[in-house]
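Multiple structures are listed underneath, in structure tokens.
Two complexes, one shared chain (subunit A), two partners (subunit B, subunit C).
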Partner chain A sequence: MASKTSHPKEFLKGLWDENPVLRMLLGLCPTLAVTNSAINGFSMGLAVIFTLVMSSAIISLARNIIPKEVRIPTFIIVIATFVTIADKMLAAHVPDISKALGPFVPLIVVNCIILGRQEAFASKNPVGRSVIDALGMSIGFTITLTILGSIRELLGVGTIFAVQIMPLSFEPWMVMVLQPGAFLTLGLMIGISNWLNARRAK
Partner chain B sequence: MEDTKQPIPNEEPANTEKPKPKPVGKEKKPEPQYLLSSSPHMATIDRVPKIMWTVIAALMPAVVYGMYNFGFNVLLTVLASVIAAVATEIVINKMRGRESSVADGSAVLTGLLLTMTLPPAFPKAYAAVGAVFAIAIGKQIFGGLGYNIFNPALLGRAFLQASFSVKITTWTAPVGIDAITTATPLGSFKFEKIMTPYFDMFMGKIGGCIGETSALLIIIGGVYLLVKKYADWRIPASYLGTVFILGGLLWIINPEQYPDPVFHLFSGGLMLGAFFMATDMVTSPVTPKGTWIYGFGMGAVLIIIRLFGGLPEGVMYSILFMNAFVPLINRYTRPKIFGELKK
Partner chain C sequence: MTKSYRLILVLTATAVLSGLLLSFLNLHTSPLIEAHQNKVLNDALSSVLPGCDKIEEQFYENKQFYFGYDAQNNVKGIAFLTEGNGFQSKLRILVGMDAGLTQIVKIRILEQKETPGLGTKIETDPASKANPEWFPNQFDELNVTNKITYLKNQAPDKSAGEIMAITGATISSKAVIDIINAALIENSMILKNNTDLKIGVCPAIDAINETSFGPELVPEGAKIVTIDNKTYFLKKNDSGSVTGVAFIASGEGFQSTIKVLACMNPDFSKLLSIEIIEQDETEGWGTRLVNDTTNSDPEWFLKQFTDLYVQKVISTVTETPNKQNGEVQSISGATVSSDAIIKMLNASIQGYRATYLNRKVN
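For the complex of A and B:
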């Protein structure tokens, strides 16, 4: 099933039309758990970009020699390899962020965005196309998580990327950096994106 | 409604239940006509706006007392919250392309109820934030009045409690003197084991939220609603009854550690919650059996939070918690359709 869409389109679909978080509601576990600040959401996104692009490339290369019966275990092993690399890199270079993300970096292994792209795309398409698809998806994921993290950080702490935005007299809405804030903000973001799509369709 | 009803022949001669005769006014015949029609059978002049404005009126004694008790400041808080609620309602109605629903009074009521659950010195801007949240997230997101799962005013308060947990638990003493912090009866019992005189609690000369202090005035307003049948008597009865019985049992077991049931009834926001919030028509069960389950659940959750939880008061969470079960309760207490066989 070689896709006929052009390369730019393959990339752009991940940003909006098939945005993994807002449109497909995939990978919600890290989306809800680590976006209490912009930097955490952004770092999580970077880890996913690395893992998704690398594993998509490898799986796409090996797509013709992976037996159909054991494809999922094979995908998991490849993904786990890159997740481990990403996890150790984060721990070595940015220990603070690594601590903040906690178990959610190792958990990228079972992130449905990544496994889903292998199953649905990389295992059926040539390398170039797979990498472009992986880049689009993971960058769409990163942008969404960064926006989500920024909104929560802005209202919950008064800063974005630790830069003070709100006046100092602003009393932070603690709830926004707690779990309910994640659900509320994500729900509203999905609602707004649906609303924009509905308007565009008119 | 009434005039459009057509006589339908009764197709079930084996029906042993006496069908209620419903003679149609104009065409009276010697023998009574039997009508089968779907409910409701009675014409009523109760409409949403009338009910809402009546509830607002029933709240007034407690609100006015709150102003007298905690000072002029309270009026401004009420205004900030109500104006924010109404403005949000207008804006969202515009966005959704709906007719304005401000006149039905539900937004005003939500704003008012929200203020009543706030401490007297709570900043007005945050009260307004809570009101916006209550209307936007608590009600309009679900589709407007009648579709909301949770009581909007309490959801607004839950948001404020999660956001500004210090400000919302800072109580000031009644009667004018500004900025003297005090404890609520529940707080002082939970953390210092000091009892407050019952008479003060009943009349309202205690620290607490703006509209919750005077049990007497809330009961007056609440009973008015019960008499008008705008609130189901079973809900306050089962809620307060459960609190009284469960609280009483624990008090008998260990009077040293647990307060007596009368204290439970008149402290905190229980009266306000039982009469004005739990009885919200949208978020309470529709079946009589369901309302008993609902009330029992709220009472049990309240006692657990008050006596074994970390918070001194649990009215808000007990109601919100049981709100979540209302669809389930409605489903399982649905009355059998007449003639339906047992499985």
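For the complex of A and C:
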């Protein structure tokens, strides 16, 4: 069931129409957990881009070899391999970011966006298309997480990417960098995106 | 049947390839990760054991210690890693101590994942632009002969082992304190049993010297300590707190060297008593210092010094002396001898007070 959509459209759907966080509500666990600052959200996104693109490419290449009965365990092994690579590379080369992301990088293994894309797309489409789909999805994820992290960091600490934005007299809303802030912000972002879509549909 | 072979083959091949790839990756990353961890640890070690020429690892009872040595190869400080649970994460803390484990030199929080913006202040507090590490810095030079305790909203006293807790992160603050307290108890036992370090003894008290004055001069039950070459006799009560500090003052009298044992209260604000332990003054005149046969109380002169306040210098008056003001009367006919005592007391109290009060507390 290779879709007939054009490549740019395939890419763009991940950014908005099928945005994994805002539209499909996938991968919410890392979304909520790591976005207490813009840099954390952004680096989580980068790790997901790497994992998703690499896994999609491999799975798409091997889509005709992998028997249907063992496709899920095979996907998981491939994903886990790339997650481990990402985790080790982060720890070896950018230890500060690796420390900040903590246990969330290994948890990309069970991030449903990745398994979802393998199952829904890469296992049924040629490599090029799969990579474009993976790029669109993971970049959409990254942008969403970065915006979410920026809003929380701005209101919770007064900075974005550790750059002071708010006046120093601003009293930080501590709740924004805590867990409830993640739910509040994500809920509002989903609400706004639904509202925009509803307006567009009219 | 062929189908199940294919299932097995694909899954096995995937797993084997994945394993191979990861082991090659590990060859590349593990030395880097290890180097980074060592760098973090070494940086932390040199910050908690400052000024040490060399730092060596030692194991006692399966516990790891880092010994910092000075240029003369004396143990200058000891550091150890300790960990425990904070509010929501494991805390790993590197604690640098003096060689007697009586004072913390510095601590470094190596690992924590506490509540962002609250518990993370145990490591850095971005809200405090001037001193983001105000919480860990409180442990610098903290006296730990007693347990570390925490306070809220009042100025802590380092010599009493007090720390100010973080508002909104009391549990994290308390966790740091509890983890260090527990480690101190355990580690000082281990070091006491396995090394000949003077654990629990302040390093500023450098030697116990019982021979410089004859043992007969040592007040009964007193502990002798030497601080900066000054000898003190510490009198302690049953619970171990110092109730009196004595020292020997000496000076030239009229015709001989006079030695006086002066006993003071621990904050050096007043004399508790003095005793002349050596003099060879003019018989019948200067000897009135100790035995004035012309007075109904032959020891009246020395008794003037009992409970004499010495915040100011001791002075002589002719009218009735006021002990609150540090006033005494001299002996008429033995002015030189009695003034000599006052002069030597004034001089030695100053010197002994400064050294004693500036010592490392024990």
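By our rule, the second predicted complex is superposed on the first by the 202 of 202 C-alpha atoms of A that agree within 3 Å, B and C clash if a C-alpha of one lies under 4 Å from a C-alpha of the other, contacts with A are read in each partner's own complex, and residues count from 1 in each chain.
Everything below uses one rule, namely that contacts are C-beta pairs under 8 Å (C-beta built on N, C-alpha and C of every residue); 3 or more make two chains touch, one makes a residue touch a chain.
Treat the numbers as computed from the prediction; the structure is a model and nothing was measured.
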Please work out whether A:P8 is in contact with subunit B alone, subunit C alone, both, or neither, and reply first, second, both or neither. neither
For A:P126, using the defined touch cut-off, is the partner it touches subunit B, subunit C, both, or neither? Pick first, second, both or neither. neither
Touch count on subunit A, higher of subunit B and subunit C: C
Per the contact definition in the header, classify A:L178: touching subunit B only (first), subunit C only (second), both, or neither. both
Once the shared chain is lined up, is A:P95 touching subunit B (first), subunit C (second), both, or neither of them? second
Touch check for A:V78: first (subunit B), second (subunit C), both, or neither? second
Is A:V157 touching anything from subunit B or subunit C once the two structures are fitted on A? First, second, both or neither. second
Both partners, subunit B and subunit C, contact subunit A at residues 172, 174, 178
Residue numbers of subunit C touching subunit A in their complex, please. 3, 6-7, 10-11, 14-15, 18, 21-22, 25-26, 28-29, 32-33, 36, 40, 113, 115-118, 126-127, 168
The subunit B residues in contact with subunit A across the complex are 126, 129, 137, 141, 159, 162-165, 167
Along subunit A, where are the residues that touch subunit B in the complex? 171-176, 178, 180, 184, 191
Could you list, by residue number, the parts of subunit A that touch subunit C in their complex? 36-37, 65-67, 69-70, 73-74, 77-78, 80-81, 84-85, 88-89, 91-93, 95, 102, 156-157, 172, 174, 177-178
